[in-house]
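One structure is given here, and the rest of the page talks about it.
Each chain gets a letter, A, B, C, D, E and F, in the order it is written, and its residues are counted from 1.
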Amino acid sequence: METHAAKRVEIIIEAVMEGRLRDALLSAGVTGLTVLPVLGGAGSSGVWSREGQIGRAGMVAVVCIVRPERVDPLLEAAFSVVERHIGVICITDCEVLRAERF
Amino acid sequence: GFGAAMARSDLSVPEAAAKAMSLYLLFAIGFKGGVGVAEAGAGGQLVAALLAGTVLSAATPFLAFVILLRISTLSRIDAAAVAAHYGSISVVTFVAGTTALTAAGIAYEGFMVAVAAAMEAPAILAALWLVGKREGDGADLWRDVFLNGSIVLLVGSFGIGWVTGPSGLDQISPFIVAPFAGVLCIFLLDMGLVAGRGFRDAGAALTWPVLGFGIAMPLIGASCGLAAATAIGLSTGGAALMAILAGSASYIAVPAAMRVALPEANPSISLTMSLGVTFPFNLTLGVPLYIAAAATIGG
Amino acid sequence: GFGAAMARSDLSVPEAAAKAMSLYLLFAIGFKGGVGVAEAGAGGQLVAALLAGTVLSAATPFLAFVILLRISTLSRIDAAAVAAHYGSISVVTFVAGTTALTAAGIAYEGFMVAVAAAMEAPAILAALWLVGKREGDGADLWRDVFLNGSIVLLVGSFGIGWVTGPSGLDQISPFIVAPFAGVLCIFLLDMGLVAGRGFRDAGAALTWPVLGFGIAMPLIGASCGLAAATAIGLSTGGAALMAILAGSASYIAVPAAMRVALPEANPSISLTMSLGVTFPFNLTLGVPLYIAAAATIGG
Amino acid sequence: GFGAAMARSDLSVPEAAAKAMSLYLLFAIGFKGGVGVAEAGAGGQLVAALLAGTVLSAATPFLAFVILLRISTLSRIDAAAVAAHYGSISVVTFVAGTTALTAAGIAYEGFMVAVAAAMEAPAILAALWLVGKREGDGADLWRDVFLNGSIVLLVGSFGIGWVTGPSGLDQISPFIVAPFAGVLCIFLLDMGLVAGRGFRDAGAALTWPVLGFGIAMPLIGASCGLAAATAIGLSTGGAALMAILAGSASYIAVPAAMRVALPEANPSISLTMSLGVTFPFNLTLGVPLYIAAAATIGG
Amino acid sequence: METHAAKRVEIIIEAVMEGRLRDALLSAGVTGLTVLPVLGGAGSSGVWSREGQIGRAGMVAVVCIVRPERVDPLLEAAFSVVERHIGVICITDCEVLRAERF
Amino acid sequence: METHAAKRVEIIIEAVMEGRLRDALLSAGVTGLTVLPVLGGAGSSGVWSREGQIGRAGMVAVVCIVRPERVDPLLEAAFSVVERHIGVICITDCEVLRAERF
């Protein structure tokens, strides 16, 4: 089937920042995004796990698929939110169907 | 509970169940408080108590901040974050306090639930002011804090209880009253596990002065609370609850707010102190002590 | 509840707890219905009521569809999806209705639970027929709908209650009877939050005629339900419940079926109408009205 | 329940709610056992019963392993994994057994809860020994097994119940006693669903000899349990529980341990046998049979 | 270690369609797939979140790793299910160990 | 924005092995990892689903972003844990911000 080049941006960020990140991405012209739950992790700030947590603790993974030319504004928007916070941003080349949607 | 957690047991209440239990406890305590006000009336004391609580919550962080900078090597940011936790309150400690009062046959003002709700947020404002944070996404943060589940649910169920009064309590009492002690007990066990885990994770930051602060600060806070309660003439039970509120430290609302507003602060320091040191101290020694003190003063 | 949701509070019951509560309510209401039938016997009226319910559920969507096309600018697909919701039923409204009847001391036939189960699905078939969908993965869809949790659980617990009878109820009554009102209350609060959120999301589609339909349609449905109940000679309580069933709109089973069978329909339109308009209307004004009407006719 | 699952219904209790219910059941049964010991005292019989249970748990896998290799075509690894399940115990079967005893008015020793905890792990060791696994990450595995939620919670709540005694039970009895039967009932229904699903998935491995083993092995285990109980002089109720423990098969702790230690074993074989065959057999026929046998011997 | 080229296909789709998509993929010769939960998202049909939902609402992410030559039948199978529904399909180049499994 | 080449390694593994995998990865010099929950899946050992499970059943997805030169030790560490177990390892090229973190 016919596919089109795109970029898949994955942002792992604290759950409390999810709303702010979503708003920033949508303002940066992103047409859609998906939020996945995270169970736990490890990093420079130690090992953590969701088990037994209460409140909106922990992190989420935000996946955002965009046309290649929209990656830069997206990264800038994401970075402005994530900058002072722990978390990871990772960009992968990908292909999509129905390119008109992105 | 603690021993099990230290050894990394797999015994954790699922997050959803823990959240459901905490919603239940908030609802039940709010509702019972509202019914209490419907029965006994509120009057001007409610307003005075709300005001006293707000001032306590806003003032305690200044005290805590100064003490922390003097006795520990925490950065200003970390000290402010810890201070915010100690200005705010722990609803579970409050709930345990009401249970202890009921068991001891001491009455308390139903509106103390509303005071608890009022004391959650001011400490956050005070702590941010301490480190010179006033700009930025302020409005957003306030929405986060004020519409945080616990404040809304406490105030909401308090209102419902007030409106429906004792007749409403009769109708849902099999749900609100009977399982209360059991749910609280399970919830406390689970909190113990979580607290124990925190200890394991935050090892290094826990110097002796910091541990000492985690025990001294609730005593200082509770004393201020008792003084304020006496000043506005609360009953023995009400004064004990005010002491418990002032002496308790937040571990849900404030940590979330600090992650948003002071992300540079190390969350495991404040969480370990509030959840790992102060929370168990209050539950085991603090609450009985505050009640005894209130009884001595009040009697 | 509503106000809090409008302001985007974070106060939501975890999905797992909400599902557990809804399973509990279904189980308890089904079980109590079965016990009722075991005590009072069922006879031919059960069959007549099941038949009446099925016909009501299948016929209402035609009426709703025609009305919607006339008064609104919804597409045929969207109108059919909305119509399916109004033909089917809301178990929570039904449960609230039985609670209101019990509080008012009005008896009802235990088999109305089975009628509720029978009314969930026919509306879906009718709505698909309206837009000419008969081909495709029909069998799959039917499995989805019939083995949807709520139908199986209602019928299953109804059967268990029927078999064990009053002695079974005695044994598990601390579990089934006592916490019922409390769980229902929390569940309704949570539904209120979800409904409030829906409003926020679906803004534009909510024209005045559509809002009006969300209030008029339950009245029309309930009238048909009352007529059918009178025709087959149900008791006052049974007639009220038949009116409540016919007047209520689905917000769990039908939305899922529509996503599978009519993905082109906009889910937020039908969900906002059924959950955001009709559900609160029925709970606050509808249920008392239908009970009063049934009492007038029956008495 | 079973029929619904076979047809792939969507009617599953959310994982979090199932876990919460199982924690509740473990806590309640442990607590009640501890209270029983506080009332009646324990003495040397406790030690004898713990020892007997440990030996039973460690010995049964050898028997099961030999039988399986003889009657089936299972590989040595698969046979050892199945054997471990049958040496260990099912807490839910135990809980159902205590409920049946209480309903029949037969008393039992409170410390049988501790025996249940002691019987969870030895079977795992025995099974690993059977396939020559002694090296590797042993310490890790033991931590996994011993600090597995159920052992810690059973022993912990048993200890709490022992310490607080009958007065503690009075205080939390609305939480521990009243909803117990209801929660157990829902939990068993849910287990039935899960068990039914297992059947669907593991089709081919279920040869007739294997199915037969799933029914014969509990009978053999229960006989050994009865013999041991008689030897150490337990009461009728205690002997019935020892038979139930020895005759039941694990479906939580052992499956997880086998995934870690014997990943080559096919998990659906052992899980289908323990959860799909032995568990329902024990609940329906086994438990009454073991109780009757214990009564015959004891009386 | 020795790795082999493969494709990672990620399909974000409504939860009600999960069973149908799984059956379609397995019929198209896929050897395995993994389903991840989704907490929320945003797209042309608005912002949604799992919080407080009841029923099998929301979406799931289905991840499927296949040999490059099997991508086309996979996409056709997936597309036939997803076509009329909201959702996203994204294909990434990847490498796997134990190629004989795919 | 300036990005740096890295590798995204995704390991789908039984939940009981999560702790062991995490320890192995951290010993292999990985600076961070994220664990995502898995709802269900299909593979050579059949179709399974988390619904109605109890205990630490099921699988998790561990995502680990590393500098390219650290991939080989990572894979060896992961493989030593996963080897005897069911599961999948998949490596993707990606780009990251803040390279000093990896």
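Simple rule for what comes next: a residue touches a chain if its C-beta (ideal position, glycine included) is under 8 Å from a C-beta of that chain, and two chains touch if they have at least 3 such contacts.
Just so it is clear, the model here is predicted, and its values are computed rather than measured.
Looking at the partners of chain A and chain F together, the chains they share are E. Counting only chains that touch, the fewest steps needed to get from chain A to chain D is 2. Because chain B and chain C carry the same sequence, their contact can be compared by residue number, and under half of the numbers here are used by both. Averaging C-alpha coordinates per chain places the centre of chain C 41 Å away from that of chain D. We define each chain's centre as the mean of its Cα atoms; on that basis chain A and chain E are separated by 18 Å. Each of the following residues of chain D touches two or more other chains: 10, 12-17, 19-20, 144, 178-179. Residue positions 36-37, 47, 56, 92-93 of chain A are each in touch with at least two other chains. Taken as a graph of touching chains, this assembly fits none of the simple shapes: it is neither a line, a ring, a star nor a complete graph. All chain pairs that count as touching, in label order, are A-B, A-E, A-F, B-C, B-D, C-D, C-E, D-F, E-F.
Interface residues of chain F facing chain D in the complex, by the touch rule stated above, are 14, 16-17, 20, 45-48, 50-57, 84-86. Looking at the complex, you find that chain D touches chain C at residues 1, 4, 7-17, 20, 178-179, 181-183, 185-186.
In the complex of the two chains, the chain B residues touching chain C come out as 14-17, 19-20, 23-24, 27, 143-144, 147-149, 152-153, 156, 171-172, 174-176, 178-179.
Across the complex, chain F meets chain A through its residues 1, 3, 6, 8, 22, 26, 31-37, 60, 63, 65, 92-98, 101. Interface of chain E with chain A (complex): residues 10, 12, 36-44, 47, 49, 59, 61, 72, 75-76, 79, 88-93.
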